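These are the structures, in structure tokens.
Next, two complexes with chain A in common: one pairs it with chain B, the other with chain C.
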Partner chain A sequence: MLKMIKHIWLKDIKAEIYTWKSLVWLLVTSIIFSITSYLLLTNKELSLLDQTEMLWLFAKIIIGTILLIIIIDASALISNEFENETMENLFLTPLTTADFVLGKLLTSITIWGISYLISIPYMIVTSSGSGLTYAFMGYVAFFGTLAVLGFTMLIFALSFPYKSMKNTLTTSFVVLLALTIPALFSTTLKNNALAKIFGQINPIDNIFSSLDNVLVDYKTSIGQNLTYIIPVLVFCILMLFALLVSVRIFSRRGILKD
Partner chain B sequence: MPLELRILSSKTMSGMAGDFATVDGEIANRGDVAINNVTTYISLVNAETKTPVDLEDWSAEKGLFIGTIDANQTLPLTWKVHFVQSGNYTLSIVANIDGSNIPIISELTYFTVSPKQNLNPGHVLPVALGEPILLILVFLMVKYFRDKTAFNPMSR
Partner chain C sequence: MNEVISAQCISKSYGNIKAIDCLSFSVQRGDFFGFLGPNGAGKTTTIRLLTGILKPDDGEILINNHSVRNKKEVAKVIGVLSESRGFYDWMTGEEYLRFFAALYGIENKEQTVESILDEIGLSDRRRSAIGTYSRGMKQRLGFGRSIINNPEILFLDEPTLGLDPQGQEDIQNLLTKLNKKGVTIFYSSHLLHEVSHLCSVIAIINHGKLVASGTIEALQEQTKSTDLRDVFLTLTHAKND
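And then the complex of A and B:
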């Protein structure tokens, strides 16, 4: 099983590197972080922000940018196999659907890992002197991994029935926007009951609130952030369930059904 | 009401955005009977705009429920205040008692928060310029080795 997962993972990683697809994304990510960190630290107006506020803003930019790139990339990972008609060939080999999905999931996590490595120097330089460097890097890694896992599983769950990158990407973007826009609302706009309930279950809102808790309020322990971590974990479990259902339906119907 | 609120820490404070300050106070019951259900809060007002400040990021503990204060008892009060934004502020401690429609308020403490200029604390320029350049070099190396292996089957 591990051999097949590794095979799928290597195939996709090589495709990412040799087609320049990911390399350009990584460079774009680095340029976005360069511009943002430079502006935050040297722009006269922006530099008046308290450093912890600036770190919170930068943490949101790091997770948001990488999540966007991962969503675009993951939307193509399974859908392209259908669109390029390579899915049948893959399943003629002793490859199970589980190996296939886990290999693809590992590819997304690897891209996230590389993007995170790129963001480390920026995190170190922006948090210099704040005493929050390790908390900043740790929580971005933790929440970034959970967000990437959750969204990648959602995208894969959509990829099997859609079999089209365009539809998968559009739906994933709609979900991402639906979760991100309310998370960016001001505290006043989140005061009504419906917004409060949605805020408590919205994983993006919980990620941003926890980063606020850590970076602005100095509540850095896991225990102090558990109320924010649990909804994000629940989101991941729900997405895992959606993926399992989608894979099961796909396995029953087969590739040639449609 | 025989309840008295006092701020024990300095009447004037100053610091830089991002700093923390501790506001110490005490609540005393000068009467002969116990007072029940007392809650104390801090109130922060921007002295320039004359508007109350949302304490969300300024203090994790906005209100302290005291409960009952016995006759002639004095209890200490402490708040940790995080200076979030530059400006001039006034801070007071307010006590509410269930059944009383008049709050008790302490004297004011004045504090000045100066802005923290984050101008390049960790020397951002080398990273902001260097990392994209380094990535381009790595990508060119990847391309070089890929092309080299692609055109030389014997190397496999």
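And then the complex of A and C:
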């Protein structure tokens, strides 16, 4: 099984490189991080921000940017196999659906890993002297991994029934926006009961709140952030469930659209 | 002789359309089996059912005495040139065959890929991206992929489509060679002269149902026709009427 996962992963990583797809995204990531950290450190008004507030803002930008890139990239990973008519030939080999999905998931995690590596120097520079460098890097890695896993599983769950990159990408974007926009609302807007309930279950809101807790309030231990971590874990478990259902239907019907 | 492909009353519907309707037939080991039918008769669906890509609504399929649901066992013994003609255009021909050799777990990958590239006549373009290949070259590469696991049963859906006369002859010679080595060939084609030239046994389907099967001579006798074209037209038209 591991060998099969490796073959799919290697093929997709090569595709990312040969088609320049992820290289372009990684370049875009570097440019966004460079401009943001440069502005945060040199712009007169932005540099008036307290360093902890600045770190919180930067952490949100890192996770937001990488999530955006992962969504675009992951939407093509499975859908393209349908659209380019390469799926049938793959499944005529001893490859199983589990090998296939895990290989694709590993590709997405690899792209996230590389994007995270790119963000490390920027995180070190912006957090220098705050005493929060490790907490900053650690929590961005932790929440970034969970968010990427959750969204990638959602995207894969959509890719099997849609069999189209355009539809998968559009739906994933709508979900991302539906979760991110309320998380960016001001405290006043989040004051009614409905907003409070949504805020408590919204994974993006919980990620941002936990980063606030860690970077602004110096509550860096896992225990102090457990109330924020649990909803994010629940989101990942729900997405895993959605993916399993989608894969099961796909395997039962046969790989081609009826 | 023993059965390597056995379909027992298989059916498949797409919504309200019955693509395959209780189709039964068998193919013996070593046969060069021609599978004929007009457009939309259900040939491609049948191949997809026999290779496990589609699941039948009813019926049982045995490949080499294993249920087609036993994917691992079946995938080992079959090779398929399917209707899906998708390729990874960024890969070279060599990388493409190496990738599929890896998925089949072939140990001497390099040697296998080398010999297949020679057999399909793509050795000199092995390092070119597939995106730069002509349709015929892609068809050869697809054929190479279908035989990379040294299959006992080869399913071919219009294998000479898009090939020039020389390419068609090359593939036909290669198929004859494989059949002589004992490979069972399930050959779906519209080209009746090709089928009559290559196949020992044929089956004709129409509207998802088996119309006739047997040796070409037996079918000619049955329909009192002199060539396969007349046999085909007589049987499929009779059914339509």
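The rule is short, and it goes like this: the second predicted complex is superposed on the first by the 257 of 258 C-alpha atoms of A that agree within 3 Å, B and C clash if a C-alpha of one lies under 4 Å from a C-alpha of the other, contacts with A are read in each partner's own complex, and residues count from 1 in each chain.
Following the convention adopted for this analysis, contacts are C-beta pairs under 8 Å (C-beta built on N, C-alpha and C of every residue); 3 or more make two chains touch, one makes a residue touch a chain.
As the structure is a prediction and not an experimental result, all values here were calculated from the model.
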Practice item. Specify the outcome, clash or fit, for chain B and chain C once both structures are aligned onto chain A. Key: fit
Point to revise | Partner chain in contact with A:Tyr18 - chain B first, chain C second, else both or neither | key: both
Exercise for review: Considering only touches as defined above, state whether A:Tyr134 meets chain B (first), chain C (second), both or neither.
Suggested key: neither
Exercise for review: Pick one for A:Phe241: touches chain B only (first), chain C only (second), both, or neither.
Suggested key: neither
Check your understanding: Of the two partner chains, chain B (first) and chain C (second), which one does A:Lys3 touch, if any: first, second, both, or neither?
Key -> second
Check your understanding: Which partner, chain B or chain C, touches the larger number of chain A residues?
Key -> B
Practice item. Return first, second, both or neither, reflecting whether A:Leu41 touches chain B, chain C, both chains, or no partner chain. Key: first
Study note, to complete from the structure: After fitting on chain A, the minimum C-alpha spacing between chain B and chain C in angstrom comes out at 6
Practice item. Mind sorting out which residues of chain A both chain B and chain C touch, each in its own complex? Key: 18
Check your understanding: Can you list the chain A residues touching chain B in their complex?
Key -> 17-18, 20, 23, 26-27, 30-31, 33-35, 37-38, 40-42, 47-54, 118, 121-122, 124-130, 187, 212, 216-219
Point to revise | chain A-facing residues of chain B, complex | key: 17-18, 54, 56-57, 60, 82, 84-86, 115-125, 127-129, 131-132, 135-136, 139, 142, 146
Exercise for review: State the interface residues of chain C toward chain A in the complex, per the touch definition above.
Suggested key: 14-15, 48, 51-55, 71-72, 75-76, 78, 80, 82, 84-88, 90-91, 95, 99-100, 102-105, 142, 145, 149
Study note, to complete from the structure: Residue positions on chain A within touch of chain C in the complex are 3-4, 7, 11, 14-15, 18-19, 84-96, 252-256, 258
